[in-house]
Structure formats: structure tokens, C-alpha cells
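In the two assemblies presented below, chain A is common to both, partnered first by chain B and then by chain C.
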Partner chain A sequence: MASNKGASLSRRDFFKASGLAVGGGLLGGLAPSVAKAAVPDSKWESHFSACDMCFNKCGLVARVRDGVVTKLDPNPKFLKSRGMLCARGNAGIAQLYDPDRLKHPLIRVGDRGEGKWQRIPWDEALDMAARKMQEIRKKYTPCGHLFSAGADLQTQFVTRFAEVYGSYNITSHESLCLLSGTRGFLDTFGEVPFADVLNSRYVIMAGANRFEALVTPDSMDLMTAMKDGCKLVVLDPRFTKTAALAHEWHPIRPGTDMIFMLALMHIIIGEKLFDPEWIAEKTSGIEKLTEHVRQYTPQAAADQCGIPREDIVRIARELAEAAPRSMVYPGRRTSDYENSTQIRRSFALVNALLGNWDRPGGLLAARQVGLKGVPYDPPWYDENPDDRVDAHKVPGMFEHEGSFVITRDAVLKGEPYPIKGWFVYKTNPLVNAPNRKKSIEMAKAMEFMTVVDITMSDTAWMADLVLPAPSYLERQDPCSGLQGSVACACVVKRDPVVEPLYKTRPVFDILKSIADRLELGEHFDFSMDEYRDQQLRGLPDAMDALDRDGVYYNPSKVYGIYDGRIYKTTSHKIELYNKRYEQMGQDPMPVYTPPSSVPENHFRLVIGRNAYLTHGSTCNNAMLHELVPENELWLHPSAATKQGIDTGDTVLVSSAVGQGEIKVRVTEKIREDTVYMLTGFGPLSKGLSLIQDSGASIADILEDRFDTISGNASMHETIVSVTRKVPA
Partner chain B sequence: MKRKAIIFTGALLLTLAAVSMAFAFGGGNGRKGKFLYRKSCRSCHGKTASDLSPATKTQAEWTALFKDVSKLPCNKEWQGLPDKDLNDIFTYLHDYAKDSPTPAKCS
Partner chain C sequence: MTKKQLAMVIDSGACIDCKACVISCKVANKVPGAFSRNWIKEQAPDFSGTARPSMHFQPGACMHCDTPTCVAACPTGATYKDLETGIVEIDKGLCIGCGNCIPACPYGARYRNPETCKADKCDYCPERRAAGLPPACVDTCPTKARVFGDINDPMSEAHQLLKSGKNPIVTVVNEVTDTKPNMYYLDKTAPGDWTEPAVVPASMTAMKQLTPLVKGIVGLSGLGVLAMLGRQLLVGDSHEQEENHHD
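The block that comes next holds the complex of A and B.
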């Protein structure tokens, strides 16, 4: 294990820092340039790290005394999070010291999912993993092994391993999250933007919940922008915290956001509220869009989405008046409907008409971070099939992300070819993917399944071999390049802040060891330090800054990146009309089709987040569990009265694919035709002691549909019944 | 040599025809092309020559570049490569170009 080169604070450092704190100015709501915050006495050590309690990677300072992490503080120099560490970030300690953590390699000895395990030594575990991988490769070709990895700094090693092993079949978590949004914006602007909410004057947030589902710096910057006069309009079937703090909340009928956006375009174009010169110069297809949106009158939209016509007209005018410092916020999780790429295309097109691309208060292009890739040269395997197992089902799948739902169907059918091995790292499809019955069958279809994680997740519970990984506070990771919207383009690194508590191994070490056993060791012939040196080869000052400040900033250009450059689209302009879609047989501009109707006494199930949980990865965290001990079903009072249900009653929520038992919270914060629940409860695993028999799992109830362009899961298409469970 | 050029141009046209009909796939084997690109091109690009990835150029730029490979500085190194390999490399570069549906990520 490498030594930590992070920050050790002397009293002198502390006093210097305090002096700066008094004398410094404020930047975007951030504390001044204080490198190191106060520590009580010299027995304390402080180490920089980057949080791993969600995907944001906020900078932190771990306070360590006698080898024990006692507190996690925000790194005040970390601009992306504006010097903030949220509830989950603070609860990182409870993850490190969670008694439920995996401590030894475990091999399944009972039936799959039965929960009977035997502890085995590491060498035996690695020998077995390598032997099984080799068997599967020989029997089914390398593509007969699937690799699934979540968002993590070491995920790149899973991808690397899969490629050198020879499998194309790699799925990330993103096809259960954001890929349709990525597709929609990429196919409009040629890249996926960052939102400059800090400098915006008017933000429409449709289906996003930035004051609970935190994205740094957007969550903090939006608050700052609102203090400075930015108007926030929220469209959501649920009265979220974001809705509560907004200037306007419109409880939109779920699945109708697209026609709202089309009506905004109807007004903006019809009343010529756009900058004609900018549109002529930067975009392609305004004539066709003008013709297309003529049918989408504000009244037609009002009839569908339930937002009054006059409000739609007013919002369109206000939005255009504030342009280009106004936006429809792109959002993050877009795994909602079967046409979610087209829904997000409609968001993107409104932004295009506002002329906000690459300008203050609008949508920003990716800035230069400067971190380099570390190339590798996988062998070629002639015996492999031509393509991924999930290929050719949707036209716009991302090769490097795949589609979990489509992959799972292929595994269950054994077509176009069998997949019989599965390696999973830090992703939990048994909790996050819709239709859990199918995920269980998928695990059962495997001849060998290996899961690397820090706790016995539901996915680990279904494995043959479970390998314990260190938490983020105990391990060394590669560097990571991040863009924090307008705040920064930066690099972070992670070193152990304490020695590992258990006999855990990072997935890098595990894969390196397996590669050695498979005679693929040449592709993992480096240490983490050497790997980081390669990543930083274009940034000679970065490591010093990382050691000194916990973060390196690249002062790269923020606005005007596209001045004199082409857009990365077919037309090399912003594509209001997408010719590639036309060639694919898809609608070149979004065409509204109404969502399925909700029958009487039934509800559309929507899912989402609060600020305390990152789905299944944090529900069993002792600190966060105190805040959210179980999930509840939000049900509107009028619907509850009809069904004779009160708050606290246990109900059965049933869909076409499954059901779950959950307590009800009767609340006016949800539409009458919609119900809502959090992800991550109702576990299969008996290794998560705090949440046993707590709440229901979305995975049990949601139907497994997917976006027909990107293959992203569609998790708001499920209609459920809710019936009161009579106590026995 | 002339015959080779004709075959290659034909393959290119096939690739382009396929691209115009399909979303991401050209006429060659892009996966094989990725392997060959890593083997044949990255030995210089990224080390002694400029950093290069499919996303460095647009599809039109790759097409233009491959119209006459004899003009490329790499031509000497490419002499031994069969046309099929070149087409596979082209297919990879073209299909993951910066204006393609799925621009390449570095790896």
C-alpha cells in the first residue's frame, strides 16, 4: 500500500490558514482560499481525499487520530463542491467502520441466493476466479463473459481487463440512469453540456431535483443564483425540496414534458423571441423546426400536461426574455420513458433556441482538464462473435456503456450467443435494475459469478464468489479529471487515509492477480503510482498541487470554446433537425405521443432521490439510516381516502411483473394519479443488518422497458395498484 | 498498386454507403480496426507522432485522409498492411470520429 503524500497540518499551517480566512474574499459562495482548516492539536493528522459516497467526488479532508478517522471535513479549496461536504459525505466514516463490511473472500456453498458462504484464503479465491474465467473463455469464447462495473475511479481497470481478456460485453451503471439524456444532447449539440446555473437568470427544471439529488456545483450554484435573482420553475409530479424552494412548482402530468417543451418552442419561434443571427449561424434546421412546432400550441400542451395555457405562454416569454442567460436544465437521470431520448432532445432544442450554448448562464462545453489516457493494446481473438450481445436492438446504444436491460434479455435467451460468466464491481443491478425476477434468473444462468464490493449487496448475494474491496478511505486510486460546470476543470486523486481494516484488496489488485494467472500480466504491468504518472504526463505541476491542496485546477477556457470551431454533429452545427435520425428511421425532431393512461384506482410509479441516500449503496449506512430507516410510498390524500388507507398502513404495491410491501405516507406532495418511493430498500441480502425487512424494492415492482433509441431503462412506465394489507 | 487503390476505393464507397444507411457501422470490421489501429498506428501516435484517436477528426476528414493514403506521412509504415486491414482501421476511425454517433473515448 502506498504511503499517503497528502496534507499533514502543523499548527503554523493552521495559523497561516486562519489569517487567510480573515483576509480572503468570497468566490461563488465559497470560503476563501484556505488550504487547510483547523485541527485541535498536533496529534491529529489530516489527509486530503475525494468522497465516494456518490458520483460527485467532492474534495474532503479526513481528520485522523491514532489511526482512526474521526471526522470528514470539506476541502475548502475544492471549488467543484464549493467547499461543501453533504450528509452522505459526512457519513463516509460510517461506511468505513460499518460492521457489515465484507472482511474475507467468500465462496457460495448453498444454492445461489441462499446465503450460505464459506470463508476462503485470497490465493484460493483468485485461483478459482482465474480458472473459471479461463473455462468460460474456452467454452463460450471470451465474449461469453460479461463485465459490469459502476462509477468508480478503478472501473477503468475492469474495462481494461475485459478487453484484454477478450470480451466486448461490458455494461456500466449508466444504462440504468442517464444515457438517454446523454444521447439527446449529444445528438443536438455534439457533446453533453454542463449547466452554468450560477450565472443563469432563469432555469426550468423538469423532473430534476437538484436540491435533493445533489450534483456539485449545480446544487449550490443554483441556490447562489437564486439569491442573485435567478428564477427557478420546477415541473415535477412530486413536491420535492427543489419544488418547495422554487419560484413556481407545476405538478405536471408524468410523461408529458415533451409537449410542454414543444409548446415553449411554438411560442419562442412564433413570436420571434430568438436571436435570428445566432440561430442562422450556429444551428441547422430552423425552417423545419418552425413548421414542426406549429401544431404544438400552448392549449394542446395544457390539455396534455395539466399546466394552464397562460402559464406556458408566460414561461416561454420569460425564458426567452432572459436568454441567453436562461436554460432548460438538462438533468441527470433520464431513465424514465421509452421515448426518453426524444424527450431530452426537446429539452436540448429549447436551449438551442435560447442561444445559450457556450455562453454565460447557459450550457457549457467540456473544458480541458489535461489528464491523459493510459493506452493499452489488447490481443485480438478470432474466435469471438462479431458484436456485443446487446447489439442491433436499438440504433443509438453507446458501445462503451451497453444496455443492461437488453443484455439481461440476451443472457436469458442465450441469444445471439451464450453468456455464462459475470464479473461485477461496485454496481448493484439486483437493486437498481427493473424487474428483479429477471436479474435473479440472469444470475442463475451463470456458470460462475464474481462480485467485488465492500458489503454484501443484493448482487453479491447472488454470486458464487464474493471478494471484499477496501473503502475509498483505505485505498489508492488513479487520478480523475472532473469538470465542475463553471467552477473548475480539475484533477483529484485518492490515497489511503488509514491502513485497511480488513484483508481487502482493491479491484485493481484483484484483476492484476487474475491477469497474471491468465498470462495477461503484461497488460497490468504497472503500479498505481506509475499509472498516475502516465495520466499526469501532460500536467507537470499537477502532483505538487494535489499534494499541497488536494486538487489541481486547469485554468482552461470556460466560454467561447466553440468560437471558430465546428460542432461535432453531422451538419457541424447545432442540429434542430437531425438528419442521422431521419436516416435511422427515427423522428428527426421530437414528435409527442401521450403517455399511457392510468386506469382508475391505479397509479404511475415514479422514483427519485432524497439528499441522504445514494440508492442501495447507502441505505445500510448507520448514520444515514437514522435519517431514513425505510422507504415509504407517497400517496395523495384523495387517493388514500378512496382506498381507505392511512399514513403508516402497510400496502401491497403490485405491477405486471411483481410486488412489494411498504408503509404509506399520505401526502399532498404528490399528484393524485402518481405514487413515489425511494430506491435501495427491501433487500434480498441478509448481510445488510440495518435494513432487513425494511420497505420495498423498486426492482421488484418496475417493468423492464427501455428507451427505443439509447437502450436506457424506462422506469416511469409502470402502472401499479395499491391495496391495504389487512393485518393478520 | 492501381488495382489495390481501386479495391480500397470500392471498399470505402461500400463503407460510406453502409454508413449512410446504418447508425454506426461501416463496411469494414471496426472492432478489428480498433485492434489494428492500436497495433499499427499507436506505436507512433501518442509516442513519437501526435496524439491521435478517432475523435481527433470528423468523419469527412477521415474519409478525405484515406482517399489517398500515399500522401500520409505514415505511408511507408503502412506498405505491408493488407487493404482489408486498412479498411478496418478506416472503419474504426470513421465510425468513432468526433462527429460520429459515439465518439471514441481514450483507451
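The block that comes next holds the complex of A and C.
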């Protein structure tokens, strides 16, 4: 129960001890973030900030003229992004000046989801939010209120608020995204690695698409490495742009990556292509793994994954030949299958055999950034239940992330206890979570639901109270520490580059105001400047660097971090065999089970990204909408011919839980047994004017299964039918 | 030969088709709606099974040619090759928005801006260059596929890439109309078959070679151009008046 584990030093003492005045103002004027060096003779002012169009937080320079942002440029000193700003980063300007921005607090006056709203003043909105939260806490205990917050620099204030309010029930976005991979690598190496793509000579990329789903610096470094001779092998049922630029693309049968990895291990171990001394010193369980992978012959793998036996053998040898400067790229979104933790653990085990941990061209440990946490001391609430509402359903759930899918089921059942309040910030489960019918029912089960957002997202559309937030270019944020693999370990900050356009309030301000009303104000009696000073207390030079360069670098150790250090695992070594899994009743080494078969005239639905959109948050951006006006269903020509479907036809995509209407793109860029579509279209909300009646929503079609170890959603387990819609 | 020749040397093999350059340019140059000053072309993959399917992406924009057909097509002299910089410029004060230059470009680099009613295309972001910044597309590129500079300056990276002899250099030219473009691609590029022959309306100087019938048509089109010029001037006046009202 993380929520009741407070630090020994109370937050008040903490600020006092450091000599900081408490109770400072909220947002001051514009902070002095003018980049002095840039643009000497122009009429522009230049302000540093960090992008918020996806999770990467790329350093940017905002060019501002007469109080208007005219251009967003990359911060050339920002090494993590290699001095770039992508299409979305450039289109941030269209988010700031989006006419669909929320401008006033809105209270629901019609039925939930009906879209009838009334403007109310901020004081009234905050009074109402506080009153409802208090009512729910009284009726259902503090844990009767759920808080959901996505990855954002101010998310820590949502967590802080939830814990001082007394709820353990906090879900992040990550259980709809990356937790399976996190679990699999954590349970092998004791921490989650960063890939040294730049110095690698051989990269196998499976279940990842780095030239479209941009991750800094990996995406840029992959191209640089390839220019320098690195070989890229892509396994993907889809011909992504990463596949298109790779040396090899293997259209693997979805759900069979694990047996491919096990066969690589079969070859690497069988042919003794690993460094026996390194393996003996750093790992535990090589004998058991040797025995385990004997059954996974290249032929057995070829029969399952559809990649020829000789290619599997060759790739294994090439990979081992390039070791330790070679890798199976860990990937990010791993919300694919019910056994995704084990799938990703098989990736981790190949890396372990390559001996690439903590070494150039391999997988790296987190570097020291030096940013400090700001501790707080949540009160104890005797009335609370013992645990989170989603506890004990899976053995490897992350307490601080939760499982959205399991939480939602608990809310719908009212078991183990009722949850009747929901506060949502910077996450959009009505778009991103599978089985939207359940999400709608979940919203309807709430006595009060508050959403803080910049536009009327689908999740906001279901709320009782919608509170408008400023965009990232209008607000002051805490500092954020970023891992940039070999590029850097760095700190960024955000200050407003223009005055807020509307009467918006950042979630920090909103929660501070609600905390005051709930007599929890002592936990929020600091200004953002004071908070940042606390974060930077161990880095005396950082604020100067942030003001001067827009980024602070910690020149911390990159390689050899584990020299003379034990691994944070049960055996204190890299765990080829995981004893804790054995104790939990899980497979201590990944055991392959074939994916469900796809019946004739049916397809497995896979999802993914392109470089122009960040799921549901950017489809309505006017500039990006020019690039992608709606989503399409990728369908292989042979499947299309069988069903009499042409490019541009509208089809009905149906699963066991729902359906969607979408236009088809007939293309050989997808396997015959698989279909693909982008996230973020087919909105519920009428407040997203550009994408009304555009495309289909993955949330409507995907089944809500989950990874049986981490509780992460499993978004590639859905089988669909595709039928041509005859025009009425 | 121009004193300088500002140009781009592009490693199209590094392009990942992320379209950062497209959006960056649109913002920097206020390019409206569905128009764009630059582009990324793609070489479609071959799934016939004869080779591994792959793609190649090719960033492009106005190529600031040595023998620009758009200059020949412009009836007012608005479009000209700047001998100081090597840039093919559009003098917006002289442009009448007749559109002759648009089909005259084999690369489709020009469009008629519906807001200004003038021809528009890449001009290497003069405001940014004056401020010491690279053109918007160059600055923002994730894989730094574009190198911009004066290829006549031996100290420039663009010159060095072009002249070092390390990489073969290719240009995208049209078999019918070789405009001697100053957009250079390192090693190789694709696709190469997308350009169109320049469609240059017969100019006043070329008219003497033409048959009387064609002369008549060209003459009529000339009248049309003059009519548009007159209209443009009127529109220009009314705009000025509106602006005065705001003051």
C-alpha cells in the first residue's frame, strides 16, 4: 500500500528545513526563459520549453512575436532528440491555437455523454468538485474515488493529491501501453534498460516501429547506426516504414515472436555462441535455460512463425557474431498478448545471452540524473480497505501504475468495494482502452466524474465536470529528468512562452484549490518555483543551465554502471531462470503457447502508430489532420478479393465486443490473416470538429483481455470479421 | 554562374518520411490548407517476390535551377534567378498570380496561394536565414537528411559533400526538360520518374517562331494575363484601403 507509506520528514518540515517560504503565489508572470544566444537581430523572442505532443519531451525553442507563437523549432542543444522536432512537435502551434480548445469550466446538464453543457465560473466549479469528492469519501471511503493520470510533468500532483485525499486507486496510462515489457525486462535484469542503438552493430526489432513510433534518441540513433553499418532486422506482420527501411523484413505470424526468440537461444546456446565467462559471472540459470530451449528448434519456430528455418539460424549466428554490440530491441508499447510479459522476457533472455548488458551497443542501465523527489506525508485513513481495487488479480501488477482493465471490471461489479468518483487528467481511456462499451458503463457508474483537459476528449465527453487546462506552451511545470541512453541524462523544465489564451487552470492549481477546500491545503502550500527548487536541490548548476541552454546535462556514467555491483534481482544476477516466478506459479522461463488460430474469413486486428499522430490526442490537430484525415483498415489484396472489397470501400469491422465502420486500404503491406488500423478516430465527442464521423475507434472493437502477469491490456488478441457495407 | 548558389544536398537514404519538414515549412511560411512548399515522395515497394520489398523516401522542394523554366514562363519578371544567392525568387510585388509558372516547373514546386493570390514556393526561409537560423525544414529534420549551404563556398558542408567525391551525386531531372536543378541527392535517390515536362506558355521572345494561329492564341492568353494584372492591381488597392481602415 504505497499510499500510506509516508516519508519520515513531513512535507512542511521539508520546505521549512530548506529555508523556503511557503504559500507563495501560483503562477507568476512569464519566467525568464528567453534564450539569449539565439536570433540576435530578429523581431522574435525565443523561449525554451519542452514539447508535449507525445511523451518524449523534446527540447524546443518557441519563436514568439507580439505575444503570439509563430514557430516552434528544435532546441539545437537538446541532445536527447538529436536536435530535432517532428511533425507533431511542429504542429504544437495548432494545438495552442486550436479553436476547439476548452475555454471555460463546463458542467453536464443533460444525460451523461449526451453533450449538453453549461458554463460555470471557476469558483463554483472548484466548490462543486471539492464537495463531491468529500461526499464520495464520506460514503465510500477515500478509496471509493479513482484517479487516472497519464504521463505528464504535472501528473505527480494528481498522485500526490490522490494519496493525501486517501485513495490508493490511481491508474496511469501505462497499463494500456508498456507494462508488459517493463515487467519482462525488470524480472530479468532488475531494472528496465535503455537501448544503446547508436553503437549497436545488429538490431532485431520485433513488436516495435522506431521509424514511425518515434522514441528519442533511439529513432534517430537507429538511422545513424545503420549509416555506420548496423544491420536492422524487422519482424512485423505489417510492412511499417521501419520494415521498409530495414535490411530484412520478416512478416511474422502475429503472436509467435516468443518461439522465434527461443529458437535464437536454441542456436546461440547449442552452438556455444555466447561468452561463457560473462554468462557464468553475470547470470543465473544457464543450465536450466540450456535444457529449456532444446525443444525450440529452428524448424519448430519456423512452423509457428512463418520465417524460414535457415533465416532463423542465420539471424541467430549473425546476432551472436556481432555480440555484445547487438540486441533484440526491447520496444515500448507491449500491450499485445495475454502472455506479453513472457514474450518480452524471451527478448530479454536473448539479450542476456548476447552479454550486452551495461556495454556499448547493448542494453544500458538508467543513468544518474540527480533530480530529487519532493516527499510528502499522506494522512492515514482508518476507514480505508486493505488494498487497491485491482489488487490480487495478477501477480506482477505495478502498484503505482495499476491495471486500467482490471480496475474497470472492479468498478462495474462494485467489488471488492464500490468506486463512485473519478478524476481524470492527461489520459483518455475512452479512446485508448479496449472495449469502449465497458468504459462508458464505468463512467455511468460514477456519482461524479471530473476531467481536466485542453479539448473535449472522448473521456471528457463522459464527465460531469470538465475543467479547461492550459496547453504546455502556456504553463509552468515541474522539472523533469529524462534518460537519453548514450545521448544524455538530462533535466528539462517548462515555463509559459505566452500568456494563457483562456481562463484555464493547470491541474496543479486545480488540485491545490480543491485541497484547500478539503482542508488538505498543507500538502500543497508551495509554489511551482519552490517545488522546482526542491527538485533541483542536489544540482546547484542546473537552473542556470536550464535558463541558458533549455536543458541541464548530468555527465554521469554510461557504461560499466554494474561493475562491482549486484543486480536488483532475487539471485543478485541476471535471471535467465526466475525463481520468484516459480514461487508465484508462473513459468520461470518463457514457455511458448501458440496464439489463437484465426478462422477463415477472419483476421487478427493489430494496432500501431505512424509518425504523425499520438493516439487520440492529435487527430483533431488542424495541421496533422491534413496528413491523416481519418484512419483506414489495411487489408491484404487476396483477402480483399475474396470479400469483394476495394480500396475506399466502407466496411464493418466486428469483434466479439463491438464494431466500427471504416474505409479500407487494400495493400500488400499487411499479412493476409491480419488487419491494422490507427488509434484515435471515430470519436464519441462532438467537441472535436475536424474528425466528426471520421473512421473507427479501436476502443469500440478491441476485446478487453489483459496480460496475466502485469495486468497490462492485451490489444492484439482480438479476431474480427470484415464485411463490405452496402450503401443504403 | 551565380556568385553564391544556396542549395540543398540531401541524403534521401536517411529520410524516414516523418514529414517534420513539411509541417515545419508550413508553419514557418504560413502555407495555407492542403498546399505545401515541400514534399516527400516515396518509391513504392515491390511485393512481386523478386527481391526484398523496401522503400525509399525522397524529400524535395523548389530546386533553384540554373536554367529555371519558371523564369521563362513568368510574364512580368516577378520570378527571377537572384545572381547574388542563386535563389529563384518571386518578387511578390510584381507577381500577378497568373499561374503560368506553375505548370512550367517540372517538379510541381509552385502553387498559387489562395490567400495572397500570388505564386509561392520555397525561398529557403529568408527571415530565418537573416536571423542566423537554417531553413525550417533543415533545422527540424530528425535524421538531419538535409544539408543546406552555399555550394560555391569551399568551407560549406554542402560544398564538401558535393565535391568530396566520396559519394556519387544525383539530381532528379526530366528527360524533356533538364533545368539543371540545385537539389542534390547523395549516393542515389528514388523515385526518379515523377517529374513532368515543363509546360511553358510561349513567351513574347518565342512568338516569332510560331505559326499565326498559335500567335493568335498566345496573344489572347497575353490579353488574359493583362486582364489579370489589371484585376490584381484593383484587388491590391482594395486591400490597401482595408488596411488603412484598420489604422
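Heads up, the rule we're going with is that the second predicted complex is superposed on the first by the 686 of 728 C-alpha atoms of A that agree within 3 Å, B and C clash if a C-alpha of one lies under 4 Å from a C-alpha of the other, contacts with A are read in each partner's own complex, and residues count from 1 in each chain.
Keep in mind that, in the parts below, contacts are C-beta pairs under 8 Å (C-beta built on N, C-alpha and C of every residue); 3 or more make two chains touch, one makes a residue touch a chain.
Bear in mind the structure is a predicted one, so any value in this text is a computation, not a measurement.
Aligning the shared chain A places chain B and chain C next to each other free of steric conflict.
Looking at the shared chain after the overlay, A:73 reaches chain C, while chain B stays out of its contact range. When the two complexes are overlaid on their common chain A, residue A:187 makes contact with chain B while staying clear of chain C.
In the superposition on chain A, no contact is made by A:546 with either chain B or chain C.
Contacts of A:348 after superposition on the shared chain: neither chain B nor chain C is touched.
Here chain B and chain C are compared by how many residues of chain A each touches, and C touches more.
Of the two partner chains, chain B is the only one that A:375 touches; chain C does not reach it. After superposing both complexes on chain A, the closest C-alpha pair between chain B and chain C lies 32 Å apart.
Chain A has no residue lying at the interface with chain B in one structure and with chain C in the other.
Contacts from chain C toward chain A in the complex involve residues 13-14, 16-20, 22-24, 26-28, 33-34, 45, 47, 52-55, 57, 127, 130-133, 136, 139-144. The touching residues of chain A, counted against chain B in their complex, run 159-160, 163, 168, 186-187, 190, 372-373, 375-380, 386-387, 395-396, 398-400, 566-570, 572, 580, 583-584.
On chain B, the positions that touch chain A within their shared complex are 20-24, 29, 31-32, 35, 38-39, 42, 46, 58, 96, 98-99, 101-103, 105-107. Residues of chain A touching chain C in their complex: 38-42, 44, 70-74, 76, 81-87, 89-91, 93, 211-212, 214, 219-220, 223-224, 227, 239, 241, 244-246, 248-249, 611-612, 623-624, 626-627, 668-669.
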